[in-house]
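Heads up, the next two complexes both have chain A, just with different partners, chain B and then chain C.
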Partner chain A sequence: MLRIVASASRPSSVSLLSVAHRRNLSSTSARQADITLTVDGKEVTVPQGSALIQACEAAGSPIPRFCYHDRLAIAGNCRMCLVEVARSPKPVASCAAPAMPGAVVFTNTPLVHEAREGVMEFLLSNHPLDCPICDQGGECDLQDQSIRYGSDRTRFHEIAGKRAVSNKDLGPIVKTSMNRCIQCTRCVRFANEVAGVEDLGTTGRGNDLQIGMYVEKMMDSELSGNVIDLCPVGALTSKPYAMQARPWELKTTESVDVLDALGSNIRVDSRGVQVMRVQPRTNDNVNEEWISDKTRYAYDGLRFQRLTTPLIKGPDNRFVTASWPDALAAIAAGLNQTGAKGNEIKAIAGHLADTETLVVLKDLINRLGSDNLASDLEGKYGNAPPVHGIDVRSNYSFNSTIAGVESADAILLVGTNPRHEAAVLNSRIRKSWLHTDLVVGMVGTRADTTYGFEHLGEDAKALEKFLSGKVKGEFAERWAQAKRPLIMVGSSMAEHADGEAVFGMLARYVAATGERIVREDWNGFNVLQRVASRPALYETGFVPSRAATSTTPKFIFLLNADEVDPASIPADAFVVYQGHHGDRGAALADVCLPGCAYTEKSSTWVNTEGRSQLGRAAVPPPGAAREDWKIVRALSEVLGVDLPYEDLVGVRDRMWAISPSLVRWDGLEGTSLEVAKAGLGSLMSNFYQTDVVSRASVTMAQCTRAFVTREKTSLEGLGKEPLQAHA
Partner chain B sequence: MSFSKAFSPALREIRILCSQTGAASAGTRQFITSKYPAIKQHNPDLPVLIREASGTPARVFARFEMGVEKHVELDNLSAKDVESKVVTLLGS
Partner chain C sequence: MMLARRQLVPLVRRVAPSISSRSIASDAVSPAQSVAATTPTDVVPVAVTELLTAEVISGAPSELRHRAVRVYQPTRNTMQSGGAKGERWRIDFDILQGGGRWENPLMGYASSADYMQGARVTFKSQEDAINFAKQQGWDYYVQQPTVKRIPPKNYSDNYLYRPNKLRICKTK
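The block that comes next holds the complex of A and B.
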């Protein structure tokens, strides 16, 4: 079944699963047998249902195109892809024609050339001659193809002049220059199919066709930047990058994004020491070809508010620049002076900490005798071991894999809004929702997703009600029959008072359903992380021990930790901040050490699936900033702690000893069924407090203390401190 | 030392590395399935990291106070041998 974009408008405020029982020609059919045809005298075999253009590509004959895009529906309106097919009276648009068995296709005949030249002449007749001031120059499909098919003189003698179209205001990201538009409608199809912005469309017809939002309105989407890449001409260009650089001046570096936990593959374009722009890189397993606007446009933040030299806070509470040896000596002196021992030495890792540094810092802190390895989870949750535990990878990872989302037939969102936490993943859900009969249910704050969903309630009670089968409705019905049900728990559940209850509830539900949700070929229990460093934190065991939770720290090392609650830092503690921006964390520090941002270092990042990927340095770090793991390594020397590695290879060997998957870049290591089950088992084990009601119960709290954590409780305690038991 | 009581507090972390499917790790996987719940029951706060990667040699690491780490190789051992190796490692 297929929901046609126009009729399956997303019900954002009403809970309904609008389903249009209609089919459309472009629906992806199941893969069928292969067929063979001849292209330019070469035999090729392609799956049945492929477009002719794909067959030509496979035969190694490139076809010029404007409107065709392999991830969007077929429009067939630019006519640039014409080819000659034997026994066909006219040239055929290869993107819109299916590949037929036995067809004989020519892509390089005089007829084809003449046809394409004709199309090009029409396109150029109304195209402004502003290439020298157009941002697309150098990467413009029209420019490139006109070199081959364009004519060198014009036959255009219209008295009224060229077609003129007013520019549209699509918001702070997309700059429009609509005179240049060739009406390929890629942007319209992207907005409607992928981004879910159904009010970008076309008005008028023929020569008056215009692209726009129908009314004056911004394009309100977190994926809007992708239309800039899709636009084959310079009609949609990037506002922040406008007139900044030409593509041939840029050095490109393949890297990984760290602004959410998806690990989108990106290409960082830099000129000299500056990052000029960030573009997506295709990776079908992760981000396909899209990136979110945050990934694309946060880079200008890399130029401002940077820490460029070590800083030491003087007696008057002002920072004084210092040399590296002085700063490291000041830290050693600070550690001595506070007399911090054992767990009083605390490290807090923030959102943008890379894996290498986490490993080195953990080794350092452990060797100083401490297990106080906290993170900046919301509230106090970072100071305690996370509720989902870290023993088994599948307890905190996206086990179905990002691509696997498309094979799910029912999705239950628990405490997450994927549109904000992982925008590109959200577009996969929308894609699947459009093309299959996927149903989505949600427990949590109602949000504007880009697909229809049934809202089951806001809190843990609603979840409990749903899981116990007391909810009636279409979603519940379909969920019960789903072959590949998928539960997606937001990582914020680990920062919520009901987190433990929710994880316990779900684990028991998964176990009770036997083979339905977790089995050999399908693991439908997923935690969607939203912060780049967290999967690596958990993978390397960077979590505090229970004993450390209650220790008051005297020495605190903030590694990129900018989200810490200042109130949680004792006034007399000695604080070190290592990171790249002078933000909240640096303000709290006694000594600041300047590190590298993600575009300046080659480091490993683990995404929410547990996939480790290598980011690469595109530009050098500013000023005296150094690579992060080296800073920690240098500090260990000053503190007299011996770490058994001296170079990056050594650190990576150490990572291999911690978890081999960390250094298997780009690969994905799953969790075996037995281990995944053991992991779920440990979530359920806290039997006494796994639902909201009993968690609020003082008696149950005492039971947990007595039976689970094996703490001694006196009988008196039961009656005397009822309020503190669950404060 | 056995798995039916709490380990010494000097033990801070256990890390078990093995392959999800490899035959050489079969004993280790069996050890995990049979002993992990007991270990967790008696040491609820001890991190027992199970890190799988295809084809990786089975090993167990134990981290004690002050970051001292020791490990033993478990490749090609039966579940029983794994158990005794782990016991000696943790006791050391």
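The block that comes next holds the complex of A and C.
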């Protein structure tokens, strides 16, 4: 069947080969040499050690594949990527073969076609013909590639029929249909390498090979939704999205996630006025190709508990719907009636406040004569300036950058559990831990991080002991020798009784170590924010002055502030809530103003490393809800303090005046080297429900039941499809 | 100062913000910026000093000139491994706030008052897309494509010996 075509004996490019091997003795860099080979008659140069499939891609020859994935280890088991290499007796799997200098490769010859057709025929022999009811339909690799390499008639005449495999229960997110599995093992490699769930694997051999957890167990990972993307067929599909939509019905909008402070790049897929799903967008500077399950599946929370119309609390303590002019007039009347002056007018910014609105609200409150710009930090900490200060940006930013984590050789986690606070960042640490000699130490509440670490203690005392060098052990030893040590302080530390001590201790340590932690090419002091709005909050100076801290407020404006402590709001204060969900903040309010959620406005978000990114509206807001900055701007007019901008460009000019980096979207400004004053348990106890959107989400509630409270009740009846009996 | 600032802020905006103060002639003048063509384009570079934008004579509704378009390169669908159409650039409009879309109460169909909601134009290069937006007289924002860094990968990495404690049991 396989015949050697005449082209296989073409001469290789010898002259280029010799060039590639010439090496300058004076070059001491670790850069690998490049090699040159010929793919489909085109010469291409790739770094040494590349796989052949990478060379083919670089030459612009697409190679069909199922098991090979750019961000996973190479398995080489689907055999779809066969290519012809000159002087090789048979086709070569291009993912498992290294690119050799001078090789002559053909990707589009009759031999290659026939080989791939053979592979495809075997794959399809056990694949069910259920494309019309399969959720992968329309974006299925097997479907796509069978158009080109599939046979138009079957030679399959087994009496026993196709292979049948029982479905697995992987939890409330991943729906399995294991008959469709082609055993590419992408999910297994992802779970083992990236997510750190090492109990997903294969059992059996050959035709009996099965993917599963070995025992009845759910896939407990914050990144489990990514296996749905990875699966080239419909074996692993999305449970919340099951039978909801087809990809060609969806309108895609490229945006930014706000449910953690990482600023993962997402693509919001919508149909009509509904967000149907959220997909990752590749960006190697931020989230590579992964997003967390909360990012991916909290979108159904955008449909529930929404504020759709302005509300005014009546005399019987019940909300009455109102028009926008009435609601704004009620706020003006409330402000007059309380007689609030100066710092008695208070604004509290919450987790999901966008940068534009923060700037406009800060201008409004300042024009009313107040400096009382609080945030909804845990307990009373939001009412005072943060302990790390906001004057020096490197004091509250992730200075090493997210991609820079991979170049660290020792990481000290202080009061943070990155697995919950930034799940995708955690996978980077795991990646580095697997592929380099990285060592990790942790001070704070012990947590399962998916990589090994040395626990140095629970509290600030343990940190002090470690920093003073009194701890013996492997980590301490490696830390002392580390070329690129990295300290990662959780943002929970700024909301902790010992926060001031911890930040002070670390600041003194960083200063005392001189060039070791902070120098020209490496800034190893990082604060990991966990809330999307906080970096922008500090960047725009949205913090109270010292004088404002002790003032009792009479008029409070809650901007998306739902984590605020109800006890901190005086009973006689007039409270306005602006936001998109009727949660804790709205319950406290006298007037509610409906705003937009992050999928409904094109606004700026600053992530934990200070990277400002521009989101984009995918769907219109429900009911009478309006864009948030416009609401505050309209309110300023009613209150008689007009703000000097009328359109979005005006607002962004104002942002530029405050900090140019806010409107240099997608760019990252480096921070200064002066760590003026640096800042133990993580405050995030339930990863799946941290904000109004995820609290309103049914899927996140199911995840909480499955992975946090671990309720034994079956998910049957809750999910859209009952768990299928194991055949 | 003002000029430098405009260059820093990537949102390109024309000078006249309100309709009343606009005159057609002044609006039609746009700075002649020659964009260096780095990728093969369909556009033959011509020294244009004065650009008569299409909106002047096209009869397009005046609301259109208050809306911004985004010029971007759509990222690859993570559900699929194919990279086709990945080099293309796209122009589409930001959605209309309020009234842009609603669910039809009778059938549940998606209705829209936004006549540009389905407009999506594809180009071979960024320069082509920008040129088109300029000719139409649209405000545009260019979203830069993200970087992709895939290190060299090798099958033999699966069998590398590491002297330290075993950190992962390779399985599949």
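Just so it is clear, the second predicted complex is superposed on the first by the 642 of 727 C-alpha atoms of A that agree within 3 Å, B and C clash if a C-alpha of one lies under 4 Å from a C-alpha of the other, contacts with A are read in each partner's own complex, and residues count from 1 in each chain.
We adopt the following convention: a residue touches a chain if its C-beta (ideal position, glycine included) is under 8 Å from a C-beta of that chain, and two chains touch if they have at least 3 such contacts.
Everything numeric here is computed off the predicted structure, so don't read it as measured data.
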Regarding the shared-chain residue A:371, is it in contact with chain B (first), chain C (second), both, or neither?
-> first
What is the contact status of A:626 with respect to chain B (first) and chain C (second): first, second, both, or neither?
-> second
Once the structures are superposed on A, label A:475 by its partner contacts, choosing first (chain B), second (chain C), both or neither.
-> neither
Examine A:660 and indicate which partner it touches, taking first as chain B and second as chain C; both and neither are also allowed.
-> both
If you count the residues of chain A that each partner touches, which comes out higher, chain B or chain C?
-> C
So, does A:252 touch the first partner chain B, the second partner chain C, both, or neither?
-> second
Now for A:577: first (chain B), second (chain C), both, or neither, which partner does it touch?
-> neither
Shared chain A footprint, chain B vs chain C, residue numbers 660, 664
Quick one: which bits of chain A touch chain B in the complex? Just the residue numbers, please.
-> 363, 366-369, 371, 385, 390-393, 539, 541, 543, 545-547, 657-661, 664, 669-672, 674-675, 678-679, 681-682, 685, 708-710
Interface with chain C, chain A side, in the complex: residues 32, 46-51, 54, 57, 62, 65-66, 69-71, 73-77, 95-98, 136, 139-141, 144, 185, 188-189, 192-193, 198, 201-202, 228-229, 232, 247, 252, 254, 265, 267, 271-273, 279-285, 289, 433-434, 437, 451-452, 602, 614, 616-621, 626-627, 646-647, 649, 652-653, 656, 660, 663-666
Of chain B, residues touching chain A in the complex = 6, 12-13, 15, 17, 20-21, 29, 32-33, 36-37, 40-41, 44-45, 47-54, 56, 61, 63, 65-67, 71
Could you pull out which chain C residues touch chain A in their complex?
-> 5, 8-11, 13, 17, 70, 72, 74-84, 94-103, 109-110, 141, 143-144, 146-150, 152-158, 164, 167-172
